[in-house]
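Below you'll find the structures, each written out as structure tokens.
Next come two complexes built around subunit A: one with subunit B, the other with subunit C.
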Partner chain A sequence: MTILKRGLSRRRVLQTGMAGIIGSGVAPLVFTKGAWAQEFCNNPTGDTVVFGLNLPLTGTYAEEGADEQRAYELAIAHLNGEGDGGLLNVLQPSALKGNGILGKKVTYVSSDSQTKSDVARAGATRMIERDGAIMITGGSSSGEAIAVQGLCQEMGVIFMAGLTHSNDTTGKDKRRYGFRHFFNAYQSGIGLAPVLGDSYGKDRRAYHLTADYTWGWTQEESIKNATEALGWETVAAVRTPLGATDYSQYLTPILNSGADVLILNHYGLDMVNSLTQAVQFGMRDRQANGKDFQIVTPLISELMAKGAGESVKGIFGTSNWHWNLQDPGSIAFTKSFGAKYGSPPSQAAHTAYVQALLYADAVERAGTFYPPEVIKALEGFEFDGMGNGPTVYRADDHQCIKSVLVVQGNESPTSEFDVLNVFQEIDRDTVTYDPTIFGGELGEAEPVPMCA
Partner chain B sequence: MFEVIFLQFLNGLDKGAAYALIALGLTLVFGTLGVVNFAHGALFMLGAFCAVTVRMFLTMETVTVDPEKLSPWGSPLEIREPLVQAWFGDFGAVLVNYSVPLSIIITIPIMLVVGIALERGIIKHFYKRSHAEQILVTFGLAIVAQEVIKSVYGPNPIPQPMPTDLRGAADIGAFLGMQANIITYPIWRLIYFVFAAVVIGGVFAFLQFTTFGMVVRAGMADRETVALLGINIDRRFTIMFGLAAVVAGIAGVMYTPLLPPNYHLGMDFLVLSFVVVVVGGMGSLPGAVAAGFLLGILQSFASMNQVKAVFPGIDQIIIYLVAVIILLVRPRGLFGRRGVMEA
Partner chain C sequence: MPKFMSRNDLLLFAGFSLVVLTMPIWLAPFGAGYPDLLQRFMIFGIFAVGFNILFGLTGYLSFGHAAFFGVGSYAAVWSFKLLTLDAIPAMIFAVVISGLFALVIGFLCLRRSGIYFSILTLAFAQMSYNLAYSVLTPITNGETGLQLTLSDPRVIDAAVGQGFVGQPVPNILGQQLSGYAGFYFCAGFLILAFFIAQRIAGSPFGMMLKAIKSNQTRMQFTGFNTRPYALSAFVISGMYAGLAGALLAVTDPLAGAERMQWTASGEVVLMTILGGVGTLVGPVIGAWIIKYFENILSALNDNILARFWSFLPEGVADVLVKVTSKFVGDGWHLTLGLAFVIVVIFLPGGIMEGVRRVAGLFRRSGSSGAKTAPQTQPAE
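Up next is the complex of A and B:
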């Protein structure tokens, strides 16, 4: 009634008109940019942003976890403009400025996953819900990676996996919010089998000892398929519990099994133990089927090689990266890491460092922390300079496709760090595969789930 | 097939040796003091960390920086030289190489003191308490010990290399006049078995052929009568507790090249060893030894692929399965005596 008395004022006309424009969806984009700002998990509102580092600091893969932690601390320092900048100087293309991410200083919280999937998941939950982590990263086990990336999908938080080599991580268990820089077991098989054929011949009988969880299963399958395609026969594939320490009961049956190759689908301390005990059992001095008995470790790192000492000499395996590569990225990272910690970085450290930078770069390019936009920025991203040659973050399965290394235990090391040689670099095209072969669905990025 | 069975048998002896050594110490304590000592696994672990400590001292290094040479990452090269080798030359290298067996010399007095202090300081106050209370206090002690080790040495296993001369495998087949390279077995595992046999034999000989041992056995049979004869049986039992700690400790030392020790090592063995003691018969020394080897051998045979093909996962449960069967058939265990833990 009052309105009728006073009539339509100019202010009321403007208010009504503006409401109508916005309500009818024809508002200029400038008003909607950033409209998602309050609608995703742990949207950073202050001048800092928190990474959640989920690291196996105890357990079977503790060595890798400790090296990942060093790498993350280095990456965060470089992102904040401290130190020599490391790979920020060589990443191409790069939106990183060395002033944090979108001007916010990067900090971190960490959790010891104990190389256990349930603990890793609980730690990630805590870091997201209590500590406000915008992104979860780390891990040295595929069991952990799959558990945590499932959680991250549910909570709408991006997961940048650390060391995980199971085909399932970007195969049947892939998730829209999960990204893997590390290579996988299938690529190990493609890269390693021709080298094994050339070195040991096409008529071999292999015996597998396999860590009994997702990574071991897929590696066993991949290596079996690749070696059987060469003409090798698989005598037996025996599962061993993750974290087993005494392998004698698994090794004695091999001695008279008719096998002439032992393939150890183990990693971390499991591999150090199984390899050294296999050598103690005299396997490398044996003859079987008229041939020298051989041991193969399809996935190997310099940390494990160092732990295994003399036992690893001459043994073939594959790696994601090695510190003595001579491209500018590898040189820069090794120099930066070595100067700070007094030892060269492991492949676990490398992948951890690269993942931290790739996430930060994607946020800068997206111009927001809003996960679906960051995901878009990462999917299909082509980059170079990080030590693996030209690399693409494949949009179909969130697997980085890049070259893979076949490495061999150094017969005459010149220092305690000189334990592996790069035997052959398998180019990216050779290890590229159809992403549909492992099945799985990425799921949707939106609507973004809210974590709390 | 003979080779396969023989190798599994050797493997069983090797495993059984560790079980028997720990179970022997447990039984010594139970037989003399009547205490169910859940801290016994921790004594095994403490012995292992004596070896770790000795090696840490022997491998201490001096670090000098050579500005003329560069590391792979471009920093001046750090040159590390082991102190012991700098002081003693080749003899120092031998000391480092044989650090594990040499650790036994240090471990024996340490574990003796630890055992006696544990008994006098804490456990003696629980002699007249129930077994449940004894278990609670000794289990608490085990947790304290492992947390102390964890805080000092960290949570991760610390590998202890065996002497280089003893790293290979012995060709037992060739030794027995068979074809070479058919039956080979790691030298250190054979040494561990012999070591266990010597220790077990030594403990039995000590109890059987010395006056001290005779008094202890008399005390185990009838403590009050021995005390009435004017013999301080409590002191002898205290020493037996120390001896049990020494047995567990040196067993832990010699096991370190086979299993890199961490703070949890004792707990890993404790459960199995208690099963061994129960199967052997509470308080029976021969029972503990026999059950240790029996269960080690059974576990080894259960690991054969032919067995697992029929019973998947049997290697993980065989010990407990056998324990259930034996306790159903012979509730006192293989060598158990009437009245022990039956009150």
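Up next is the complex of A and C:
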């Protein structure tokens, strides 16, 4: 058992002694800056390097977490040269050799973040301090992502965000050590609004139900702005607690509110519950203001669509990626994932897999694990072949800029996985925005903080 | 008593301090010798010691102590944001605010005793949680949690022209508090908290509190007004909770609403009962055990179990992995529940009672048993 294996090492004794010295305030006399030139948190010295996977295995987003874990295991296998190589073969440009990272074999430790910020931070700290993780990745809630991103900045460990869609992650809470491949709520708004206008008209009245945390707030704001620009009116925006199971108390007032569109800013199990219950309320069969009542789910994934079953048919939303895309990258990933796990990957799995590869590639290009160099290698990196078309890791806010998919619930699914259709692919120029609109500061990469 | 502390108290205090300060060494073989968990051991130790001042001494069972813990955290983080990144003002601020908060809630709740008191505290705590979670979002940042940012005002730091590079993190007089430095910082406070609790328990004031527990009515008939005593105990224990919450914010500057949830209040009750209600060391041990379970058992997964059982033949190992996997990972609550049930049924006085029984066995078998006379119990 690994936890028993690490006994009282010399390193540990030295650390303890050193901490005692720091504690007694002698430290400033002993340390001189610069003595630690290439010394940084969890500098891998052996022949392995450890990824820290912080995944919600219980809680509202547990299903996404489980799928992310599968993707990370696959990515790590591919990085080590096992399996069919997956996206290693299609990433352009690529420095990956399939022999681990800088010749070191990749291993991982994982922690259940329970979809809670506090727990996610404690788990990340454990993986950094005890297990020596060189990089933290994962998470499927923006609350978690922002909390862990802040922690990683303090510790000097790179954080490759998993599924996080809040504008704040690369907006007002952006950090130099945090990187996001997933798209954000603002881009959902830009992508989705024209489609909604074409399909439902320009004089709609919208009612929002919103998950009450950072992601919900920013998505509500983005969708509100985008639809109001279209000419829609927002009747009300009601916040619901994360992890609620019964939405009837929130759904009843909608019937008499004069709204004719319900926008569900929910995700994961919340979305499955709220959408199913809204349909059971007969909302989709209703008429309001002389129009058919509609439901919109701005962010949706295959896992949720599968969970909601019949209810999702014909409903519009946006996705980061879909397994049915026909570019070489998507085909390679779907094939590789399907061969190993027997189901097509979700968008959460895709973003997790890509993040792991992008980190490894950046380290190879930088030629070192030293975080500031890796950060430089990632900032402004242009790449292609990962399933989203040409993509750039924007240096100003560490947001990946790439095309966004508008999807629609499949009216006649041919299999249990064929639940969403790609309705339109919005190209990357349309969804590019000025990074300064959300404020925030990245902070500095150097000096690298030393973790314990 | 002419002496400042009895020999036994002094020994207990010295032993406790030694055990706490050497934790990084003796916990390493158990996989728990890393700073973050050690800090939590200290912080929740303080929380439990404080809770025991109320529950252990006066017998008032509060189901809402997490509220004070959370208020302490929020107060500390706001101090970091508005005033300075130094930990000392933040902690003073947190203890004062949570003390005031405890005064208000205690004043209202202590009008009732027994189960009604517990329900009232539970209600207040749940209200605080909901306020923090949604109503007071501008102050608490809701579910996302309150964090430090580069653009915080920090007026005192700005006034003395103290800048910093990178991410703002709490410090003490310019010293970083991450890692083992943070642990020793918290350990110092746990030892201090333990010392104060020890002094309170041994003081005339502590005697009053114990009298409230044994028979409040009789005490009132003898002419004591019990409520000020109970209220003081409530406020002191609320301040302990605030201190613990502030320390958690110092070591990890993020305050989330879930630390005020009723499960967090229940956890401190579990800690105290598991360790031994009314004893000094018991609650701390209970806190350590629960935090150990939470952090270590919950991190075990099937792969690690498979490696652990790999010395057995394949079929047996698979079965054992299947069975044990239910008790670790996200099933760690099951293990905790089992442990709790066993302790409550067989050792109603908690782990400390187990320790006493074992010690009693040794004493009886040893020939020098006469030296330690049994403590005289005050007659009813």
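As a convention for this text, the second predicted complex is superposed on the first by the 414 of 452 C-alpha atoms of A that agree within 3 Å, B and C clash if a C-alpha of one lies under 4 Å from a C-alpha of the other, contacts with A are read in each partner's own complex, and residues count from 1 in each chain.
Following the convention adopted for this analysis, contacts are C-beta pairs under 8 Å (C-beta built on N, C-alpha and C of every residue); 3 or more make two chains touch, one makes a residue touch a chain.
For clarity, every value in this text was computed on a predicted model and none was experimentally measured.
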Subunit B or subunit C, by number of subunit A residues touched: C
Which superposed partner A:Phe417 touches (first subunit B, second subunit C, both, neither): first
Subunit B versus subunit C as contact partner of A:Pro447, first or second or both or neither: second
Touched partner set for A:Asp285, first subunit B, second subunit C, both or neither: first
Touched partner set for A:Thr58, first subunit B, second subunit C, both or neither: both
Partner chain(s) touched by A:Ala71 [first = subunit B, second = subunit C, both, neither]: neither
Partner chain in contact with A:Leu87 - subunit B first, subunit C second, else both or neither: neither
Common interface positions of subunit A, toward subunit B and toward subunit C: 57-58, 241
Contact set on subunit C toward subunit A in their complex: 24-25, 28-31, 33-37, 40, 133-134, 137, 142-145, 147-151, 165-167, 169, 175-176, 178-181, 183-185, 252, 254, 256, 258-259, 295-296, 298-301, 304, 307-308, 329-330
Interfacial residue positions of subunit A with respect to subunit C in the complex: 1-4, 6-8, 12-13, 15-16, 18-20, 22-23, 25, 27, 57-58, 109-112, 114, 116-118, 121-123, 125-126, 129-130, 142-143, 146-147, 150-151, 153-155, 168, 172-173, 175-176, 212-214, 239, 241-242, 440-441, 443-444, 447, 449, 451-452
Touch list for subunit A against partner subunit B, complex: 57-58, 62-63, 236, 238, 241, 245-246, 248-250, 252-253, 255-257, 269, 272-273, 277, 279-282, 285-287, 307, 309-310, 323-324, 334-339, 342, 344, 415, 417
Touch list for subunit B against partner subunit A, complex: 3-4, 7-8, 10-11, 14-15, 71-75, 78, 155-157, 159, 161, 167-169, 171, 181-189, 258-260, 299-300, 303-305, 308, 315-316
